[in-house]
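First subunit A sits with subunit B, and in the next complex the same chain sits with subunit C.
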Partner chain A sequence: MTFALPSLDWWAIAPMLVLTLTGCATLVADLLRAEDANREPLAWMTVAGIAISAGVAIASWGEAPRLAFSDMVYSDPFTQFFTVLFVSVTAVTVLFSFEQLGREDFHPAEFYTLIAFSTVGMVLMAAAADLVMVFLGVELLSICLYILTGFSRRRMESEESAIKYLLLGAFASAFLLYGVALVYGSTGSTNLSCVGLAIGASGGLAGACDGAVAAGTASKAVLLAGVGLLIVGLGFKAALVPFHSWAPDVYEGAPTSITAYMSVGAKAAAFAALLRVFLVAFPTISPDWSVVLAIVATLTMVTGNAVALLQKNIKRMLGYSSIAHAGYILVAIVSASHVGATSLLVYAVAYAVMNMGAFAVVMALGQAGNERTLITDYAGLSRRQPLLAALMAAFMLSLAGIPPTFGFVGKFYVFSAAVESGFAWLALIGLLSSVASVYYYLRVVHQMYMVAPVGEAAEHVPGRWLSLVAVVACGAVFLLGLFPGGVVAVANASTMFVK
Partner chain B sequence: MNGVPLISLMLAIPALGVLGVIAGAGRDGAAARTIALLSSAVTFVISLLLWVGYEPAGARFQFEEQVDWLPDFGISYHVGIDGISLLLILLTTIFVPVALAASGSSVDTRLREFASLVLVLQFAILGALVALDLFVFYIFFELMLVPTFLLVGVWGGERRVAAAMRFFLFTMVGSVAMLVGMIALGTSKGTFDYVGLIDALGKPGGSIGAATAMWLFVAFTLAFAIKVPLVPLHSWLPEAYVQAPVSVTVLMSSVMAKVGTYGFLRFSIGLFPGAAQEAASAVALLATLGIVYGALVAAKQRDLKRLVAYSSISHLGFVMLGLVAGTTEAVQGGVIQMVNHGVSTGALFLMAGMLNERARTWAIAHFGGLARVMPVFAALLVLVTFSSAGLPFTNGFTGEFLILTGAFRAPATHVWAFAVVGAVGVILGAVYLLRMFQQVMQGPVNPAFVAGNGGANGPFSIGDLTGREMLILAPLAVLIIWIGVYPKPFLDRSAPAVRAVTASFAGASR
Partner chain C sequence: MPGLPETVPTEAYLALSAVLFGIGAIGVVLRKSALTMFMSIELMLNAVNLTLVAFARQFGRLDGQVIVFFVMAVAAAEVAVGLAIIVDIFRSRRSVDIDDVSWLRG
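Up next, the complex of A and B:
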């Protein structure tokens, strides 16, 4: 018996490998450094790892799409697109951490290691070619996030939110896993493309589908039950209503840098996985699930925007608003088309830019011992910190989808795709619910520009990295709002696998 | 002139002006107003070049520029003007410097922000007026909201925040309805270009069906009807106009409301003439309702600014009635009346503001006998009141006459009946306007205005118009008489564009 050594396509997973090694390296480096040494080198190590990882992903852009590691992961433009998005979000989070680590007495090494590992989880979710890989990615991301959520050890809410997240997250994982099992039971495979072939999809990259049932013989009832459970599991990660109840508490309790990271990165990862799973494995039964997802999207948009109206804490407000934005993004999947997939990628970038920017301002206003996250803390900001106020106003307008911002372009693309796929009613509901969102975003503008400052808030200079992130994000919000062509072209090329 | 992108230049000036204000004015903003005035003067000069260069007999759209923007969707930066947008552009470029100059004492804080926001508003309004691509139009249309929200919310009166918020949310609801309609239309035809869409819809087999067209017409019209506003969608208006500082009220009523009527004519009627024909009676009903309701409520007001605000609703009803009646005279009258409304209502708001600066009150009962105190002001107010009431030899007469005669001959059923009611509205308008004039200007002088023993300022404690104020009102007075006596240059320029609209309207009725 001869035993052929499989030829391993290391390059296909190189971005993840680099990030994993970076995470390990920060741990080791922490052991070697003196107790009270400067923590900045660790952060820069992480940033360097991220840069290499992004570089690798960009370098592989344009390679032919392929499956690697026994058909377990894709190396295709979609993976590379999300890799770059995720590591950029991570890099910004690391920059945020300069402020937060000093303020909240964090253990830097663990922080950076967990951030690196959780990013690997995100990339894995986008790259997964197999339901088992999706699950692995989700777990890797989630477990790191459970810990990061509770990282502000001194703050009770942080601990509380971590426990909540862990308990509910464990449930969601079980749903996800059971969904995978049912899909396997019905189709005889966990490989996305093989599942797709078994239920009549054609074309695209496919591996060897040895165990899969012949096309047309899958049990539809079991399959649909599995699909439903997958929606629950991934919907929890993306904080879709009615699986969202953890999100506001966790977003409020977690350290602000982690809130930003979760609300953008983890959410985008969940949507990358949803898109890949539903449009590679289940395109042929899209009439069955698109209605369900359309209802979930409606609930998510309406609930997120309605409840955000009532919030007094800006982190919580952004938490609920991020639920509403998840609803908008879900509309892109409901469209179940190439245009829809492209619009999802565009919206993900838009959302990342404007939300990270908004969180940068929120962090810039925080001070040691007082995060200053009440919306009324923003009173009169335009007089105390005109630049920060103007930046925040820009992010609020972009989140509200007012042209000429990138947020508007994102909404335009998402809802255009929905209208094209015959979901004009969903677009109308989405846009009307976004009118409600205008109110709570403008309330922040109102506080900053139309209310006199309360007390004598000490002049406090925001960290330079926070300012840098906010200024760059603001530039991107307007520049990409006016010239979205480049992002759209890249997103378009990244979703060629969707017909 | 060929080769110079005049329209883009005209848009670039206010944008550069914003940068100039931010960079050039110190933190106290001393120079802000001057820089903004300078910028708006340059914009005005460019708009004059458009006026001079526009050929009434030439192409439908002139000074066109087109650059691909989002080719996937068939979206391009496509701008150009016809006679209708030309008139409104001039109205805008005249009123922005007027409003800036008139902001003198009502706005005295954060001048740098104020001046830059006014310029942003000008940029947005001009952009909306020249856009020949639905997407581009929408962007400018929405962009108007943000500076207006801030201008009302920061510099307004006591209840300014609620007023600003209400304004924003109301108009936003209409805008998203239009956005959905726009996306549905644009994606089904593969282009968002106005000219391209008209071609696509007019082609044999290019029709979208009467029911779809009606839905789209309603979606577009909702946005514009809120912006105008058409009764019963007007409830944001009184608070917003009253709370805003006078100069901002002038911009909102004289210029911004016109983007609503303009959009209705250009897009609702222009793209869906068949549906517009079918809905003509309904829109005419609402317009007439607005004429009468606005006039009746205005007659009841004791607050000068509120009175003008309601009169504005009434007058815009005439504009909408003219546009929807669909005959050449009526639409022509509607277009001229857009300009007239801008001039007369703007002048009324400005003059009310001048009284307020002197007396620190809006209460009509507080005034009286001012004709003796301020003779020049009184003379001008006579002119403006006559113009607003539509008396002959003023611009208001030209517009209302054309609208009413045109509406009598409207092809759509029952529109003539609304014209009859509208004519009653003219009388009502005369009643409340002349009564206002009488209460403010005639009768005994309020003792509060009589200075003790003839002090240094003469016998009265308040003075007549200052030189600056006369300078502000002079161009408006000239326009009132010019359009009233010799409207030909205005009618000539807008006529071809109006005929293009009415031709499609008449074609749809067959």
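Up next, the complex of A and C:
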């Protein structure tokens, strides 16, 4: 009797493999290096791994979409799009870490390993073709983030935010998992496209669905309960109201580089998973969930912006602002259309660029032992650091959605997709709440340009990598704001699986 | 045994696991000790495992049972990280009561 090995499509998961190997290699390299050796080689190893991973993802762009590893992951333009986005965010975080490493006595090898593994989790969430894969991606990402959140152990707030994130995160994972179990119970499968077939979707890229119940026989009540629990679980990861209570504390307590990483990468990953799950597995019951998600989006936009108005700490303010932005992105999923999915991808890129830029400036102003994250610390910044002040002003305008920035383009696409799908009221709420957000973004600009500096802040030169990231991000904010055609075309090609 | 059904129906397992899940969720919300909260979360995860196994038995398929192994592995990883963080908190504050951990306003 011969035993045939299943043919494995390694190329389909090559970006994830490269990142995993990079993480392992950093750990081994750390053992081999001398105790007091320079830490930078580990960071460059990570950056090199990220670059290879991005290169592999870009090289597989244009291949026919397919399922791999027993229908567990998709290798399609959507996966490749998010792979490139996630590894870019990770690369920027590694550049951020140069600053933090010197400042907070980080143990670098673990830091880079965890960053690499959590990126694998994010990519897995975007690539998942099965609810179990979604769960594993979420957990891989979350468990690494729990540790990274508590990474600056000398600061009490850091470990406190880690325990809060851990307890609430594990709590939410249980809901996510219960949702998976109930969907499995009602449809007989956890594969996204098989679930879709069992509840009446047609077409798409489906694998072997021998276990799934026949179309139309799924128990609707159990299914809806499962879908509701999935919304709770993924909504927590994306920090949607009312599942957001962890976010401001965690964003404030975590090291700033990790805050930036979480608020952009983890959030985008949760939305990639939400989009894939809801538009591949549950398109036929979209009337049932789109109303729920529309209400959640309304709460998220209004609460996020309203509470951000009251914040005195800029990390907390950006935390609430990122909750509001999650609300805008959720509007794109509510649209449940191809245009909506495209707008989600465009918004994810816009949000990544402007938020990473804003955090680069926040980090550039921090000093050893004093992160300087109060908004009043920014008073008179235009006189002390004119370049940083100008960059920060640009990011604030973009986050507020003022043309001709990329932030405006993102909002424009999201809200017009909502209007097209008959959610004009939701787009209106989004517009009104983003008008309110202009106030707190411009308050930072006001502090920087109109208020005299308080006391004599010690001059210090911002790290070169932080400045570089901020300048590049600022260039992208305006360039892509004026010429968004390229990004929109790529996003459009990446969401062909949504009808 | 006379008077008892031959096999326990799937619904009974589902009801039991829903009750266990509820007890776990209530535990997380009401308890103040980080350790007890963590145990409650484990109860929730195991309630889900029961659901998965019950459905898998009803379908006569193995995939639901295989998922349980994944869940167990993930739960073990989560416990390892969670206990490490709890020990770290205990070292610096001599308490694992979640109310004592409130430097940040939630």
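Just so it is clear, the second predicted complex is superposed on the first by the 496 of 499 C-alpha atoms of A that agree within 3 Å, B and C clash if a C-alpha of one lies under 4 Å from a C-alpha of the other, contacts with A are read in each partner's own complex, and residues count from 1 in each chain.
The rule we apply is simple: a contact is a pair of C-beta atoms (placed from the backbone, for glycine too) under 8 Å apart; a residue touches a chain by one contact, two chains touch by 3 or more.
Bear in mind that the values here come from a model prediction, so they are computed numbers and not experimental data.
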Does the superposition put A:D249 against subunit B (first), subunit C (second), both, or neither? second
Broader residue contact with subunit A after superposition on the shared chain, subunit B or subunit C: C
Quick check on the superposed pair: does A:G185 touch subunit B, subunit C, both, or neither? Answer first, second, both or neither. second
A:V28 in the overlay: touching subunit B, subunit C, both, or neither? Say first, second, both or neither. neither
Which holds for A:L310: it touches subunit B only (first), subunit C only (second), both, or neither? neither
A:L431 in the overlay: touching subunit B, subunit C, both, or neither? Say first, second, both or neither. first
Residue numbers on subunit C that touch subunit A, as the complex places them: 14, 21, 24-25, 28, 34, 37-38, 41, 44-45, 47-48, 51-52, 55, 58-59, 61, 63-64, 67, 70-71, 74, 77-78, 81-82, 84-86, 88-89, 92, 98, 101-106
Listed in rising order, the residues of subunit B that touch subunit A in the complex are 69-70, 72-73, 113, 135, 138-139, 142-143, 145-146, 149-150, 153-154, 160-161, 164-165, 168-169, 172-173, 176-177, 179-180, 183-184, 186-187
Within their complex, subunit A touches subunit C through residues 132, 135-136, 139, 143, 146-147, 150, 153, 156-157, 159-164, 166-167, 170-171, 173-174, 177-178, 180-182, 184-185, 188-190, 211, 245-246, 248-249, 252-253
Complex interface listing, subunit A residues touching subunit B: 382, 397, 402-404, 408, 412, 415-416, 419-420, 424, 427-428, 431-432, 434-435, 438-439, 442, 445-446, 449-450, 484-485, 488, 492
